[in-house]
Amino acid sequence: MKKINICVIGARSFSAGFLLKFLLQHEHVNINMLVSEKEGEDIEKIHPFLRGMLKKTTESYSKEKVVENNDVVFFHKNHGEFRDHTADLVDYAEARNRPVKFIDLSGDFRLKEQELYKRWYGFEHHRPDLLGKSVYGLTELYREAVKNATLIANPGCYPTATLLALAPLLEGGFIDGDQPIFIDALSGVSGAGNQPSGSNLAIHVEQNAMPYKIGHVHQHIPEMEQEISGMLKKKIEVTFAPHLLSFKYGILSTHYVQLKEACEWRDVYALYQRMYENEPFVRIMDSSDGKTFPEVRNVEGTNFCDIGFVTDKKSKVCVVISAIDNIVKGASGQAIQNMNVTCGFEETEGLPYGKALRKSAP
Amino acid sequence: MKKINICVIGARSFSAGFLLKFLLQHEHVNINMLVSEKEGEDIEKIHPFLRGMLKKTTESYSKEKVVENNDVVFFHKNHGEFRDHTADLVDYAEARNRPVKFIDLSGDFRLKEQELYKRWYGFEHHRPDLLGKSVYGLTELYREAVKNATLIANPGCYPTATLLALAPLLEGGFIDGDQPIFIDALSGVSGAGNQPSGSNLAIHVEQNAMPYKIGHVHQHIPEMEQEISGMLKKKIEVTFAPHLLSFKYGILSTHYVQLKEACEWRDVYALYQRMYENEPFVRIMDSSDGKTFPEVRNVEGTNFCDIGFVTDKKSKVCVVISAIDNIVKGASGQAIQNMNVTCGFEETEGLPYGKALRKSAP
Amino acid sequence: MKKINICVIGARSFSAGFLLKFLLQHEHVNINMLVSEKEGEDIEKIHPFLRGMLKKTTESYSKEKVVENNDVVFFHKNHGEFRDHTADLVDYAEARNRPVKFIDLSGDFRLKEQELYKRWYGFEHHRPDLLGKSVYGLTELYREAVKNATLIANPGCYPTATLLALAPLLEGGFIDGDQPIFIDALSGVSGAGNQPSGSNLAIHVEQNAMPYKIGHVHQHIPEMEQEISGMLKKKIEVTFAPHLLSFKYGILSTHYVQLKEACEWRDVYALYQRMYENEPFVRIMDSSDGKTFPEVRNVEGTNFCDIGFVTDKKSKVCVVISAIDNIVKGASGQAIQNMNVTCGFEETEGLPYGKALRKSAP
Amino acid sequence: MKKINICVIGARSFSAGFLLKFLLQHEHVNINMLVSEKEGEDIEKIHPFLRGMLKKTTESYSKEKVVENNDVVFFHKNHGEFRDHTADLVDYAEARNRPVKFIDLSGDFRLKEQELYKRWYGFEHHRPDLLGKSVYGLTELYREAVKNATLIANPGCYPTATLLALAPLLEGGFIDGDQPIFIDALSGVSGAGNQPSGSNLAIHVEQNAMPYKIGHVHQHIPEMEQEISGMLKKKIEVTFAPHLLSFKYGILSTHYVQLKEACEWRDVYALYQRMYENEPFVRIMDSSDGKTFPEVRNVEGTNFCDIGFVTDKKSKVCVVISAIDNIVKGASGQAIQNMNVTCGFEETEGLPYGKALRKSAP
């Protein structure tokens, strides 16, 4: 079978290393081009866990080479940094009539409203047309759109955990948006990247629990609000409290909401089951025993999102917990899932347990 | 100056080791008697960090010896396990006219309503009279009562972090109890004790974030509700979501509430400052910069409770974060603070930075 | 293609969970039978990371069913616990003329000298005949024997890291055994198992570095000495110092030896390259830059053994460092590697990066 | 009692924060002057654990002010960075006849041979006279010299752990220096400082065991060799293999040596006991039970050095293990210990358990 050619832009980033790790095991992929600001570097030195498996060096950016020689392009760049080049590539591919698929792991094309970029990311966005055309790549919610997309905006890690956790309640009409939505999220250190900052030194993170950007501050908030408001058909705001912890991979997100009406736990469970029953990467847990909750260790290294919840009939409170691996379902794994969908491959191909998940599918 | 004699019952427990560590540095204390089920053990073998500093062995329990030879008795036993003996000791001391002070670190005398023990702890409590007489030893809120107490019920770790965080809002009338109170707490592994259980093996805790007893389940809830209801003068229930993390010491607690009225951050700050300005162990942080929050590392090993918060005028949401060391302010440190208060010593004596805190006091 | 049937005895053990995780992704395997002392348990509840992928329950041990219905049997039992049953199964399969392959992850059949079991494991071994017939499954050193084995004694985690690290020096005649061999090993907590013990509680392991069984004490020593002595053709003893650390997976082993003759680093490098050039799971690193050493993070989750070393011409000292994942190459991964070899499958099948490793093979 | 004035140069460094934490609790000290490149910073913002206890801001360096207004000056600067200023200060104080004590925590005055600085630190040292006059502040070995010193070179963290571990064997003549000395050391992340580097990001350190500078490379080696050679009265070289682990504080050092003659464990034990019996900060453990070894958790936060060892009569091998807190005994704690000695205070004053150690002294 013919393999497609892959280009990774920003090959030095930590999540790019993971993307390559998964792509190496993908049946239909040829890792063709690695773009980095520093060219000529051996990718195995950059990501030493790849040693012995991928003999390639980085090269400098060339619009022409990227578009002419590749079928799928992944962007692993910081927010804002590459947005003009990305737009340029999309234009160029269209002009040349090259059916390249672009999957952007930054936030550059996730928001539909142009003006939000100014407020939340601090830059002017010049391409509202592409914001309109790009597809928000939360696969479970936008699978059909992803199939036909040219530019896929891969979701942020926090929004992935939160939107999958709340979607059934939102879409099922169990929440009306009149009560506040509180999102308390715990992130492992890989979420803090591999560029030194005030908070990602081991000395600051070890033996610590570190809240940051509490309230209505974090740049993942507009993405959550856009999608939640969309599902509610009503503009809402959320309260988001991220915390940095010392585990390496993963997000554990605890959501506090009030249901519109008092209902039984089993009704909520049925709702979640119904929405996700055919999803290979979403696992609903029976937390009604008070013991079985999503935990980071059970999703580490996988593309799963585990979800559990408890309800309190008296207060109508519902607490929904979700767990993902921030680098996999929260970044590179979901990017591959989107590639699989948009390229027509098996959705689980190349991802951890891919084969097993296919076997167990109904 | 004459020293008082101390007896520790349950000397093998992890928190007892910490109590001894602090008592060793206390000016007015003689560690007199160590009671454990297994007698004749060298305390330095049980708690190896004490090696070279405390040459004592454990002895078996004797009501007479405990009461006759000691001035203060600390109980480090599991909930329920020793409650009849504790009551017995209080009775015996009273009968013998011995002015012994009893400080119980278990939950056995924290709740005022007898019937709550059945529901939350699973045992019948036979001494409602002692529940009435015992003083809930959250020092900052009950200092005067602690002074005159005979039996002090040292608070649980989670309630300590939560009640200190919310007390100003509750007592200041900023919360009315009509909206839900959500408490999201992160505990280090020392909170899971040193008796093997399903969840405190390193293999389960490492690289994990583990929610447990989410909702209205954890045995610390009635203690929080009793105190919060007391401050509100109105019966309320809370939603409590504890999580076990891999850091060793500490609790980081994030509280989500809605204020009665929209108010400025600085008004809330003034409220907290006012309430805690003379408290040596409470530190209010200016989190309005979006960067300075309580963190576990800043309270580790100390008796401090650090508190910060953000407010959102539009939604009236207030997020209050508090951090304590679960074994110190959440257990043995607060027990010593209570001993200092009830014995008339300097409140900071024997505790970390004790001297410095005295110097810096107004 | 027809699939072989697999039976796992001791399905509750932590390493069995990993075995199943890999087997789920193996092309030629049907997970057929899960044996545990507690029957009727859902395997997904025991190993929650398997949720959604393996609908099977445990069953009780039956010699007949194990032998009649399976092609490969894995033993995940504690040392000594199952040895008589294992022998029984081998006998029974032979008697019935069933070509079953047995892969034992315990130490029960690793040592060739019967009397060593008494000293190092504390039990009498009754089957010297099987000790003679069993093959020590360090695949890289015994591949040919593994192919034809009936009973494979899967190596211990520490010996795997040490023997792969030292084999080139030993077989190449660079070490003569007249100087001591010092082995300093760091193990992650998963090496301490999921049965509570004095040292595997999170409270003991977190924020600690804990030496244990230092000197000539640990039960993995006779296994190392047997193999090292075999390569040297001379009886030697080693000094072994294991340490328990808080990382979750992995062993990092540092070996201090003196070479027979002063030699250049590049000569030693050539020796290692020669010995391991066709090995898919051994990666030799160029540590001569003083910066590139094996690290646990680069082998975590994989079946790799990374090896690096430095030499000092003046003192003839050679320091060899190796890193493995203790649960993968040190247990379940190597067990599958052995299964692949003895069943005639691709050696890398079902193991992490299996496909990529096949592609990159010469 | 009159208090002495303290100046800390390099107040932003992590170890300076710890120094201040201890000094705050010291009876005879006034924290007078905090020097940093960035002046006017609130020290409580730099080291947030000090909040509420030390209201001081940093000021810029002034030779005159440092010397005129202070009795003891601590240097927390990187190796080489401040060496000329340090020399300048010593000269100036002498010229002005000011009896200031200088305690340098960098490596700038630890080595006696001028030319070693070129090789190991990469700079020319211009003041061999001060190298001659400075006292190597390993308190237990140089107490008398420290008393009369003007310039104290506070030892490195690794050498502290190693020299205290080996001194009895070296001074007692149990080692002759003909056999290699292997030093395998595990350091917590605080040893990697709070300046971003390739290896101290959480993402690199978490879930990892990372060897670095293995062999004869690390800048702490000449310091170890100088002292060991001094005790042996014979030039020797050591092999040193440091490893970075994810625990926050501490060093666990395992030493592999061969004794000159076969001897009983109890003879070695007697040797250690004799040498250290009056030392408040050295604790010898009875590791002959195969279970009781130095562990990082037992020294964390303290100025202790715990030492244990095993011997093998047949091979004459002796394995000595030592544990310290790298920031306390390995840096700021020992600096205060040296200040106490040279200023005539109680040696344990201001240090953890100071009072208890005094009480328990013979």
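In order of appearance the chains are A, B, C and D, and numbering begins at 1 in each one.
The rule is simple: contacts are C-beta pairs under 8 Å (C-beta built on N, C-alpha and C of every residue); 3 or more make two chains touch, one makes a residue touch a chain.
Keep in mind that what you see is a predicted model, and the values were worked out from it rather than measured.
> What is the set of chains touching both chain A and chain D?
The shared contacts of chain A and chain D, listed by label, come to B, C.
> Report, in whole Å, the distance between the mean C-alpha point of chain B and the mean C-alpha point of chain D.
Centres of chain B and chain D (C-alpha means) sit 36 Å apart.
> Averaged over CA atoms, how far is the centre of chain B from the centre of chain C? Could you give it in whole Å?
Centre separation, chain B to chain C: 46 Å.
> Nearest whole angstrom, what separates the Cα centre of chain C from the Cα centre of chain D?
40
> What are the residues of chain D that contact at least two other chains?
As it turns out, chain D has residues touching two or more other chains at 204, 207, 246-248, 295, 297, 300.
> Looking at which chains touch, is this a line, ring, star, complete or other?
If you draw each chain as a dot and join those that touch, every dot ends up joined to every other.
> Please output the residues of chain D touching chain B within their complex, sorted ascending.
21, 24-25, 27, 48-49, 51-55, 207, 283, 285, 292, 295, 297-302, 304, 306, 353-357, 360
> Once bound in the complex, which stretches of chain B touch chain C?
14, 188-190, 192-194, 196, 200-207, 246-248
> Hey, which residues of chain A end up touching chain B in the complex?
Contacts found on chain A: 180, 182, 184, 186, 204, 207-217, 237, 239, 241, 243, 245-250, 252, 254, 256, 258, 287, 290-291, 293-297, 300, 310, 312, 314-315, 317, 319, 321, 323.
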